[in-house]
Each structure stands twice: as C-alpha cells, then as structure tokens.
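We call the chains A, B, C, D and E, going by the order they appear; numbering starts again at 1 in every chain.
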C-alpha cells in the first residue's frame, strides 16, 4: 500500500489529495499519525479499543459472577470495599456485580450496533448504488421505497416488527437495520450520482466494462469512505435507538442484556440505586460520543482540504500565524 | 528553503504602484511544508499591464493572495518579504486597514468565475455591495452605479439581468461580472487571476478586449495572471515568468518573446505547437517540481539542458540582463540567449 | 381552597362507559365514584353488602328478587327506577357491545330481568347461580337514556361524584354530586391524571403535585408517603402437564421444591408479599388452610428428577419459561431468578419473552401442538370474591386455559359452584386440596402493591385500591 | 411552476401515504388479534368470535382494507377499539400537542445552533470550537429517557423548581422541551458548524474578502446564508422525527401527544387509531417536506422546484 | 449482430469510422401537468468519416456539441438519430453487450487525466483492465503486455504499482493513452485530451500522439479548443457551431483561408504568442451563443454573423461540398443563395 506522501504531482487536484490522504490512512503508521493530530479522537479511539478489548477478555476473568445471583450484594453501592474488584461499580438487583455485566453487555451492545450498521451499510449501499446508477425507473422505485421506510415512524416499525417476530437479538438487529438502511441508500445514491459522472467511470464504460464491473469495481470503492464515515456516526445512533427500544420494553430481553436494557431496568431505581442506570448510561454516552468524535475526525481526515489540520507540525513554528504581521526578517 | 532571496538591488522607481520584495509563502500541511512562493520580487507601475506567466502550481495565484491578504491561514503562512502598495507595507497594516485598501484600491478578479460569485445573492446585490461598503453609497445610488457597471462591461440587457443569479449567467458573463465588481470603485490596480482560462477563444478575445479598453480609459494598473503565452503576447507591457515559486525572468513583452534568456522561458516558447504537422515539438523534459521537496540550487536544473554543477548547488539570483528592464535568474543566461534557435519561433503569421 | 384531591394513575382510562369498568384503568376512575352496582363489597373486608339494592332473596333456584334503594337519582337528575336497572343489565349483557363487564363476569350467560314495580325487580338465571348477587356488584347501574347498542364515553350514574370534564390525554375531573343518597363526601373535587413512569408518579406525590398514586414501584416509595397493601394479585408458574417432562408429577414437585420463594421476598419480590398456596387469597371463602407451603429443598428436588430420569422421563428436555414483557414490577428479575433456580436443580429452562397478546394466545385453547414444554408465569387478579371466578377456567377439563383434565376435579368443581353457604366453602376447600394433589402449578406469591399517599390526605389502600379509587373513602387532614 | 411542483408533490405524497397506510394496515393486523387482548383470559371462543364480528375483524384482510379505504374516502377513519371515539378525533386531540412541542423545540434548537455553530466554525480547532464540539456531540449521544428521568429528579425533586410533568403553564414546557432540545441542538450545532466551515473555506467567501468586505459582513452575509440550507435539512429531519412522536419524552412527562398515542395504539391493537395517527403524521411530514423544498428554493436560487 | 454488408471500394476499406447525420437531442423533462417536447439539440445532423491513420479535428465554442459527438460515437450515450459505422459495421443500434467486440476498434482518451483514472487502481491494473474485460490476454502475458504498453508511452517499469495520484498530470495522461492502446484499436477518440495539461507537458503528449500514429497507423478523432494544437496535429478539421458542422476541410486550407464567417471569427480570436502579430483585422464576436433548446431559424450563426441577411433567417444553409475534401454551410459560398441574399 502506498503510504508515501511525497507526491511527484505538481497540481494537486482534490481527487489526488483525497487519494493521498486515503493512502496515508491505509498505512497503519499513517493512520496513527493522522489520529495523533486530534487529541479527542485519540482518546475516543483509545477508549473504544480498550472497551472492545475489555469486552472480549474482561469477562473471562469475572464471568462467574455476572450470570449467577448473589442476593447479599443486592444493589450494593459502587466502590463498596472488600467485595472484590468486580463490585467496584456496585451490584445490581440480583446482587450481580455491575462491572462485568457492563462488559458482557458491551459485547451484545456492540455486536448489535455493529451488525445493524454493517447490515444497513451493505444493504443500503447495494440499493443506493443501484438507485444512483440506474437513476431511471429502478432508481426511483428504490428511492420511493426508501422514502416510505423513512416516513414510517421508526419506533412504530420497530414495535410492529418486534410484535410480529418477537424480541430476540436477531430481530432487534433486523428492525434497527431496516430503519437505518434508507440513510445509506440516500447517501450512497447521492455519491453515486456524483461519482458516475466522473470520467473514469465513463472511461471504464468505453473499454466495454459491464455494469456489474462498473458498479462494484469502480464506483463502490470510491464511495465507501464516505459511507464509512456515516456508519461510524450511525453507530452512536443505533446504540441510542436500541436503548430506546429497551426502554419501551420491546428491545432485547433478559437473559440477554445490553446497556440499553440495563439502563431501562435500572431507571426504576434511580432514586434508590442510581448506579444501576448510571454506569450503563455512561457507557452508552461515552461510546456514542467516541463514535461521534471518531466520525468527525474521519470526516476531517478524509477531506483533503482539511486533513492537514491533523498532521502534527513537522517543525517549530516559524514566523507568525497571521499573514497580517510583518515577518521579522523582512528587510525594509 | 534557505537559499538567499533574489532581492533586487535597485530601488523601486517612484512610479511603482505595487512593489513586492522577496515574498515567501509556505503551506504547512502537517509533516509536509509546501514552499509555494520562494522569494518573489516584482513591481507594477501605474497604468502598466504586467502579465505573470507560469505553469500551474508555480505560485502565481498564491503570490497575489498573500499580497492582498486573502491567503488561507492556516495552512498558508507568509514567512518573509514585503509588499508595498503606494509606499505602504501591506503586511504592516491591520487586517481592517488592509481590507480597505484591497477592496478599494486594488481590485481583484478571482480565478474561477463561477465559484467566486456567491450563488445565493443576485448579481446586482453583489455588485452594488462594493459601492455601498467602500463608498458608503445609499442603496439606490449603489444600484444605479451597479447597473452602470453592468453596461460598462458589456452585459446585454443589463436592467433585466440585474436581479439574476450568477448561475443564470454564462461563463463569459460571469467573468465580466467579476471584472465589473473589481472596477466598481475605481481602483488603481486590478489583479486578474487567469481571467480567460475557463473561457473559449471567442469569449477570451472579448474579455481581453474589455481589459485593454479599461486600461486605456482609466489608466489603471493591471496584473494579469495566466499560463497562456498567447494571452501574454496579446496584452502585456511587461511579462514576469515564474517557476517553482520564483520569478525566473522578467522583461518587456518583446524581449521575452524575442530574446528569452532563461532556459525555462525558452522551453515554454518552444513547447507551443506552431508548425504544420510533421515536425516534432521540443517540449521541456521531465516533470514540474514538487514544491514540498525542492531540489537544491536552481529549481529548474533537473529539467534544464544547460545545467552545470553550479546550477545544482547555487541558486541563481534575479539579475539584470541586457536592457535594464530585463532581469533573469540564470547563471548562464548569456550562453542560453546566444544559442542558435533560442529565439522564439512563436508567431507563425498567415 | 376547596377540598380537592389529585390522583395520579399509570394510564389514562380508555372509556368511562359504565359497562367497561372491568378494565383496570377505567375502573380506577369510575368505580365507586361515578357508578355503583346493585350490590357492593366492603373495601376493608371484601364482604358483600348493600348497594343500590337494599335487599335480595332467592325466590327459587334460578330467580332472585332485588329491592331497590328508594330516592336515588342519577347525575342527570332523573330517578333511579327499576326500568333503569333493567336497562343497565340488559345493556351490559348486550352481545352487540362486547362489554368487558359482561365478558369478564357473566360470560355467555344471559339474565332475564323482570320489573315487578318501581322498586323491585326479579332476575332469572338460566341455571342455578349462587354468585349472582356477587356478580352484580360488578354491573354498573346507569340512566335509561344510555343507548342500548352504542358505546358511550360516559353516562349518568348514581355515584357520589359526577364527571365534570375529561381533557383527552390530560385529566379527568369530577366533583361531589349534591344529590348523592349517601351524603356528601369530604373530598369535593377529584382530578385523575396519569403518568406511566412509576418514579414520576412518586415524584409527583413528593412534590405535592398529586395526593395519591396507587401502584407505584416499591423502590419509589419512602417511609414518608409509601403504604403497602395486598393487591389481590397472585403469581403462579403454570406447568405444562401435557408435555413431557412436565407431565410427570415428580418433575412438577421438583420444580416446587427447587424454588427458594423465601429468598425472593424482599429482593425481587416486595418484602410485604406473602407466599401463596392457592390462587385465591385467604380472605376469599373457599381458601384452604390444609394446602401446605412447599419448602425450599433443592436436594430433594434433584433426587426426584434423578428418579424420574431413571424411569425414562426426558428430564433434560428444553423447557420454555414464558414471560410477559413488563408483566409486574421487577418481572425481568423474577423470571431470571426462577430460571436460575430451576436450572440449578438440573432442568434445562430457557427464558423467553412475549408481548401481552402473544402470551395470551399461548395461554388459551387451542394450544399449539408443536410447542415446547412450557412454564407460563401467570398473574391472576382475584378481587371478585369467589373461587368460581378463578378456578374452573384454569383447571377444569373445559376451562379455556386449562391443561388439566381430571374427572374427579371436574366433579368437585361443578358441585362447589352450585353449592351455597358453608357447604360451598367446604366444597371449594376440597377442590383446593385436589388441585394440590395433582400439582399443576407452582404457586408463588400473593403480591402487594404500594401506594404513595401525600401528606394532605388520609387514605388507607386496600385490596380494592387496585381496581377502584373511591374518592369518598379519602379524608382530608 | 411552483403550483405545478406542489401539485406534483402532493400527488406523490398521496400515493406514498396510500402505500404507507396499506403497509400499516396489514402489518398491524399481523401483530395479533385484539380479541386476545380485549377479552379476559377466561372468555370463551364464541365470545372472542363475537367480538371479532362486532368490530369487523373477521373478514379477510383485503376485504377489511377495501372497506377501510372506502370509508376513509368519506373521511370516516373508524372508531377506536379501546376508547369508543372516532379514531381521527383521538388523533386530532393529541396532534396539536406534539406539533407545538416539536415546533418550539426545533426553533429553539436552531437558535442555539446558530449562535454556537458559526462561532465554533470561525476558528476551527480553537478552544471554543473543541468545547462546543464535544459538548454538542455529548448532547447528541445522551439517551433521552435517561436524561428525562434525571431531569425530573434533579429539577423537580431535588430543586423543586419545576413541575415534574404534565401540561399547563410555561413551567410545564421547560423540561420536555429542554430534554428534547438536548439531542437536537447537539446534532444541529454539529451540522451548522460543519456547513459553516465548508462555506467559510469556499471561494466566494475568499472573493468577498478580496472585495474588501468587512469580516462581519463576510461571515454573516456571505458565509452564513449558504450554510442555512444544511441547517434547514437537519431541522427538517429532526422535526420529522418529532412529529413521528417524541414517544419517550411524551411517555415520561405525561405529554398527551401523538407519539404516545401511537405506541399505545399498537400495544392495545387499536388499529383505527394507529392508522389515523399514521395518516395524520405522514400527511404532515409530506407537507413539511414540500415546505422544506420550497424553503430550499427560496434560500438557494440554484435549486429548481 | 446487426451487420451491414461491407462496401468494397478502396476508399471504404480504409474507412475506420463513419458518421452519418448524427443527431443527439437531450429531452428536457416536462412538468407534471404540462408536458414539454423541448430538447437540448446538442448534435444536429453531423456527418464525417475517418480513414486509417488520419486525424480529424473538431473545433468550436464551448457547448457546441463536440463532446456529445465523441460520446455518441463511443456509444456512451445513445444517439437519437443518424448512423454510426465502425470498420464498416453499423453500431448505431447495438446493445451494450453487442457493442463490446466493437469497442476494441474504438477507444477514447479523456480530458482530465486525473479523473479519468480510477484513483483506487494501480497503473498496471488500469492498463490491464481492457484486456481483462475483453479476455484477450491474461496472467503473465497480460502483465508483459502492460509493461510493454507503459514503456511505449514512456512510463518506467518501476512505476507499475503506483496509484494515479502518485503520477504527475502528464504521466497520468500517458497511462490513459496506454489504456486506450491496450486493445489495439484503430480509432482513438480524444476529447480535449491535452487541454488540462501545461504547455510544457502538452508538447510531450502531442509528440507521443504523433509517434503512436506513425507506429501503429492510428486514426484520431481529436477535439480541442486550442487551435494551435489542432493545426499541429490534424489532417482535417471540422468546425462546429450549435450542434452542426459549419465547415470541414483540410487543416491548411482552414487556417489559411477560412470560408465560413464563424471559422473566420474563431481563428482571428486566437491569441497569438507573438507580440507583434497584427491584430487589426480581428473579428471579435459579440453576443451570446443562442440556446440549443430553441436555436434560431435558418442559419444558426446568423444572430452573430456580420453578413446575415433575411435569407439566412429563412433557409438553413446546407453543408455544401466545395472542393474534394471541403464542405461549407454558408449561403455566402453558395452562388445561388448568394444571389438571393444580395437581391
């Protein structure tokens, strides 16, 4: 992969710059270099990585406590001493320690969110690309369908589908994916409408490439970065939507649980045991915030006009910031 | 870059309207630093037309953006030099004072006529804005003046076009609009950045005629940035050739086309297709330089047929060559100019 | 300041039509305030007493004569006559209306009402029905002007309050009815509002925005304003006797032994709840003290399962624990604990949740043949005062929810339904013992509810508080 | 031209609504039989059958749909199963509450966004910008039901400043609007900021500076107007979301809006109310879309209706 | 496949591309209630032919339909009228799949070298793609051929794995040319192929075009608004105005004695890189190009033509054959019509 940033190019068109930045991002060190240019994004990234790591390996050490019950630790407040590390965030209604539960819930929550995002990304991109490319009848049928889904109250859709299908994790994923898909359809279509006018698409057609090749070899790779940015933003939305479903009692159901479920059931105890809802709520907030921060970082990083902001200064500040001031060395 | 600037030793004549000395601009793009302007010195006299010639990316636009204070900061930074307008160093002025000069006394015609017009306001509004802000005119008189300007730049049916939006105008008309805006408050200097590049030849001829008439009528100083040798030959009094953020040659238009002393200028002239089919063209070999990674010595040496060791280590300063007005930044200008066939074969008469 | 009281409920009443008061949210507002029945039950003891009828006698096996209270007027000023009573009964039982009060208390049976004179009516039942006076406490009397075949939002009743205003979605307001036969209550105005979050309801009491909130979650009440009351809800685990391994009594016994009910009290179930042995509460005649409480004995449970396994019972088969989303406070935790405990004795129980309609579908006949063996968590509200409203539907061969089919039990139940007096009580006790012998369920708890009572009023919730908030029972401090 | 556009859009909106209605009609009936919910568990099969007959639930679904559509054309949208009132009446009682809540919330959120967004965008990466960005992102990432309950506990119970819930004077609007605004303001601020950054970097802003326009004019006359469009887009999206029901906030604050009505209608299988609610909300969303498109053309002359 | 019998004359055998009465109208979408039958008449009856090894240039103002001619010839958009023959085969009505084999004859080089290359593909992949699509060569053979092609256009072997953004503008255009050569076409359509390049680079590419033509016998359909480039590269030049060819002739003739008033105006507008050039005889066109939706009646150019008379508004001048290889569409050059104009 090209991580080189010394382009021999003398006329950096936007596209060239964009490719360059993507090239930089693709290489691991380039990615971290761009990331290190944004403190908040770095923290967000570190948080997400830690969270995922902890969600994967954390429960291995603590799992025994999270599924069984321990009524003596019922609603134990956080930072209870002498109860072991897993009770650091307190105990829940059945006396199960909250910390490992949060980590296990992180698995479900993140799995659901990632699956939803992945599913709607794939389906939405597929339809969006087709709608954008065949902008005639096929396209407008797809778009009207997307409009329909969009004007359908999303919670209503969720409730109806979950009532028909019963609230299992898979169905929750399907429902959320349906409600998110139109976003990707719209974005993908808008992008394709633009990309398909680019000359290289025309060029590929002129060498006789099939539509399939055009769509999936030429058009889709170009629009994916944009869609990934949207997706990272959507991760937060999905997590929030999932927790709203739980609040209304139609989301994931015990014994499976997510942060949303934990907040929703803990809300009954906000007055007596605030930590039941607080920690998972905080987890949602922080994760959603991190996803949002990463997404806005990505938006800057992939925008050739702005990406320089993220690269660390290579040399000490010379001269002055504003052009309005006379440079010291200016000879009069 | 640290090589010595090519500061001209002569004092600016009294008639100098704009005097740029040793201007340096760089873009700090994180790890990369693009040296867009590397010690540009040039002057514009009152009532004179200076054409700044050079390939894409040679720093033509950035030079004048820096001078007029519309450079994107960050990432762009002026790191050295001065720019005097009417003997006032623009870099020493406050933003506000500078803005006054730049709109009022220096008119600027931006490079891309479509995107330089605000798409959501009518052309009348954008035109009248100039007189209202700079001359404090009332709305009505500003509108009247705007209408007059529209007529002056030759927009047909000006009244009915007054309330149109920029996108309803053709490329040539937009370019006229920008010119109308620049001349609306009677500036002393107009900087036109590639005023005809986006236009086709017939419209280009119209716009050039307009600019020429304008100068004749008002005596305004004119800086025209272009990469078209043809345009330069058409309108210039003096030409200034830029390469890699430096002025490599500056002279009156006839010397440039008849007696070019810099190998790059010669290369440009030779690249113009001007013969009937059959013969090969003689292009400049190689690629334009990477401004983030300029070669040491003369920036043109990797593409130059005359390059010697000196060129690879020592950057040539702008120096007088022949006539006083003719300056060139080449160690071997005399040799180059004397080469057979070096004189331009441009102009192929009919 | 007038003697005004604000009551905050969980839901808005759907309608105040007098024949729809069986639905809880409607009844809470309407019962005892807007409407009254011919008979009435004492809110403290549950005993049946006079309502709009001052006396009644059974003329023969199938006919009852009621003498109406004189001098009662409806809120619209008309007098309550025998005609109006007949109209009310006929309308409630009108098949074209699908009144909830009919479907819940009268089923398909029809009553023949004869107006004897202005103050007397005779009601004939198709077959012998000793519980008719009790049932009539649930049938609301309303003006004869109420259309027979159309539903109404509200109707003139005889209750101590008349409806003033009902701003949809916001509040129901009522004020004391000046011509009430029972005299003026101390609360002159009542406002009913609703908030679905228990914590919000409790906060409103704490803030003095409301005076009374029945059924708030236990964690939301404080000593200051929280009062516990038995709410006549009883929880049981209905075991699917038709599917192995639950068709084996040893397995069912193991389930009963394997649940530590005591540990749940004060944790997932309110500490004020009590252990149940039968689906009816002890206050109801026919409750048997002979049915013993199952002790927690996981060892014995495991042993029973081993025994069953040895006999070829598929003890390890997957069992579906069916829960209803948001069924009762802490339902999620309750179900999880049950699941954990049952799996602990060696069963293979999986918890699955259903929405109300879906679960109702599973509970009534015809049952899905392909279902897994099920343990259905059921909560029954028994304020009706007689076992006949609770037992036959659940355990007789004909019962719409019953998975039990036992000839002896059927006979015992039909005898008990026909009997009267002390004989009736004894017969129902025999039924209770028989059910315990068959062991179709694991009885769990008689639940309690909590009411948040503000400091402006004096009010003692009873088991009827779950279905009716009689403003006249509230005293202002 | 405009009329033509509006007519065309209304026509398509009508078609779309019809599609939506059919979808809701069919899907709602897949969620289960009201007879199971409205009759006690002890009810007999005959009684359930009778219930279905009385409420017309017995016919095949396409027959039901046919009758429903036929009646709808005569503006008879059925009767609420649960509440015994015309379904449309139930919806029209609730809808104004939702509309007012949505309108005020979005307007206030826009005001905040337009105060904070441009300031943050003017110096990207400045301290103010970073704080504003993180705060607005955090606001957009907070689960609203959590926020709502916390707000009640804090402002009503702890401080006793505001009523917990319900409707009434101005004080009753503060918490629901505040909670709803949280997320919307966050999102809108982000968008305004982004749009401002883009338009501040655009050539015509550079050109305005080159024309010697004072900085204030550059920002507020030249740059801002161009970023209003994207703000209108998000504001439209958000309003759409709110019209579809600020379900959670309505539920918690006891707000008699259409979101709560719709959810209740599903839980209670009150099909007529559900359908009427979908008709009303969808119609207003389609109208909103048309209005937004017209606003676009007013804001940006390049957009043709 | 829709084949028409080959004509066997010597002339026709040499003919690699022929266009007859080509017409492309872009319909304007009407309103909901009011239907419009309006269309942008981008190309309005254009005919020309191209022989092996020949370069035909098309010049004209922006929007006169040059690109549309290229795109329809390449079947990138469907023509609304006329016929296109590639190597004697009528390709006008072929479907995309049927068109595929003919694409090997017809290749195209686009204006913007950056955007005509997929930024996610390496130079090697880009040049190999036509072979992949047509299945002509694969594996090592294909790789060898790619290296050979890139060598031919002057791209070093070491750069095979680089992405377009790592090349300069001129190099990118070389890659685009290599891609066009990959299938051994007989015609290359160049739509402003050098317009985006700087003069110094443009000269390199023009040299390359010339060399390739000599080596491979390519025919070019070459579009540019730079008349100097045209003069250098073309054998014949067609001048278009508002979707029509107004004059077509050998390059020397066009430049030395332009006949059509528009051609004259166009030529005299060209800025000459010679400060001493005599500009006194310059014809500066005034006014705007008329709308291609409602073109003027009669001669399209009459609204801006100094010689226009009433006759020009009535009768559209046909493209009259003037000499062996030249045609002009102007009443001035039609003795009969001239008579009418004056009379």
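By our rule, a residue touches a chain if its C-beta (ideal position, glycine included) is under 8 Å from a C-beta of that chain, and two chains touch if they have at least 3 such contacts.
Every value quoted in this text rests on a predicted model; they were computed, and no experiment measured them.
J.: Counting one step per pair of touching chains, how far is chain D from chain C at the shortest?
T.: Steps on the shortest route: 1.
J.: Which chain maximises the distance between its CA centroid and that of chain B?
T.: C
J.: Once you count every C-beta pair in contact for both, which comes out on top, A-C or A-D?
T.: A-D
J.: Quick check: how many Å separate the C-alpha centres of chain B and chain C?
T.: Roughly 91 Å separates the two chain centres.
J.: Centroid from C-alpha atoms only, then distance chain B to chain D, rounded to Å. What do you get?
T.: 53
J.: At what distance in angstrom does the C-alpha mean of chain B lie from that of chain A?
T.: The separation of the two C-alpha centroids amounts to 47 Å.
J.: Give me the residues of chain B that touch two or more other chains.
T.: Within chain B, residues 55-56, 69, 95, 287-288 contact more than one other chain.
J.: Can you list every residue of chain C that touches 2 or more other chains, as numbers and ranges?
T.: 197, 199, 355, 357-358, in rising order.
J.: Residues of chain D that contact two or more other chains, please.
T.: 31-32, 149, 153, 157, 201, 251, 267
J.: Can you tell me which positions in chain C touch chain D when the two form their complex?
T.: Per the touch definition, chain C meets chain D at residues 14-15, 17, 22, 95-98, 100, 103-104, 107-108, 151-153, 167-170, 193-197, 199-200, 203-204, 206-207, 209, 355-358, 360-361, 363-365, 389, 393, 400-401.
J.: Under the touch definition given earlier, write down the residues of chain B that touch chain D in their complex.
T.: 68-70, 72, 95-96, 99-104, 108, 110, 112, 115-121, 129-130, 133-134, 165, 167, 178, 181
J.: Touching residues of chain B toward chain E in the complex: what are they?
T.: 55-56, 156, 170-173, 199-206, 208-209, 227-234, 236, 253-254, 257, 267-277, 280-285, 287-288, 344, 346-350
J.: In their shared complex, at which residues does chain C touch chain A?
T.: Those residues of chain C that touch chain A are 197-199, 202, 217, 219-220, 263, 267-268, 323, 325-326, 329-330, 332-333, 335-337, 339-340, 351-355, 357-358.
J.: Residues of chain A touching chain C in their complex?
T.: 67-69, 71, 74, 93-94, 162-163, 166-167, 249-250, 253-255, 265, 267-273
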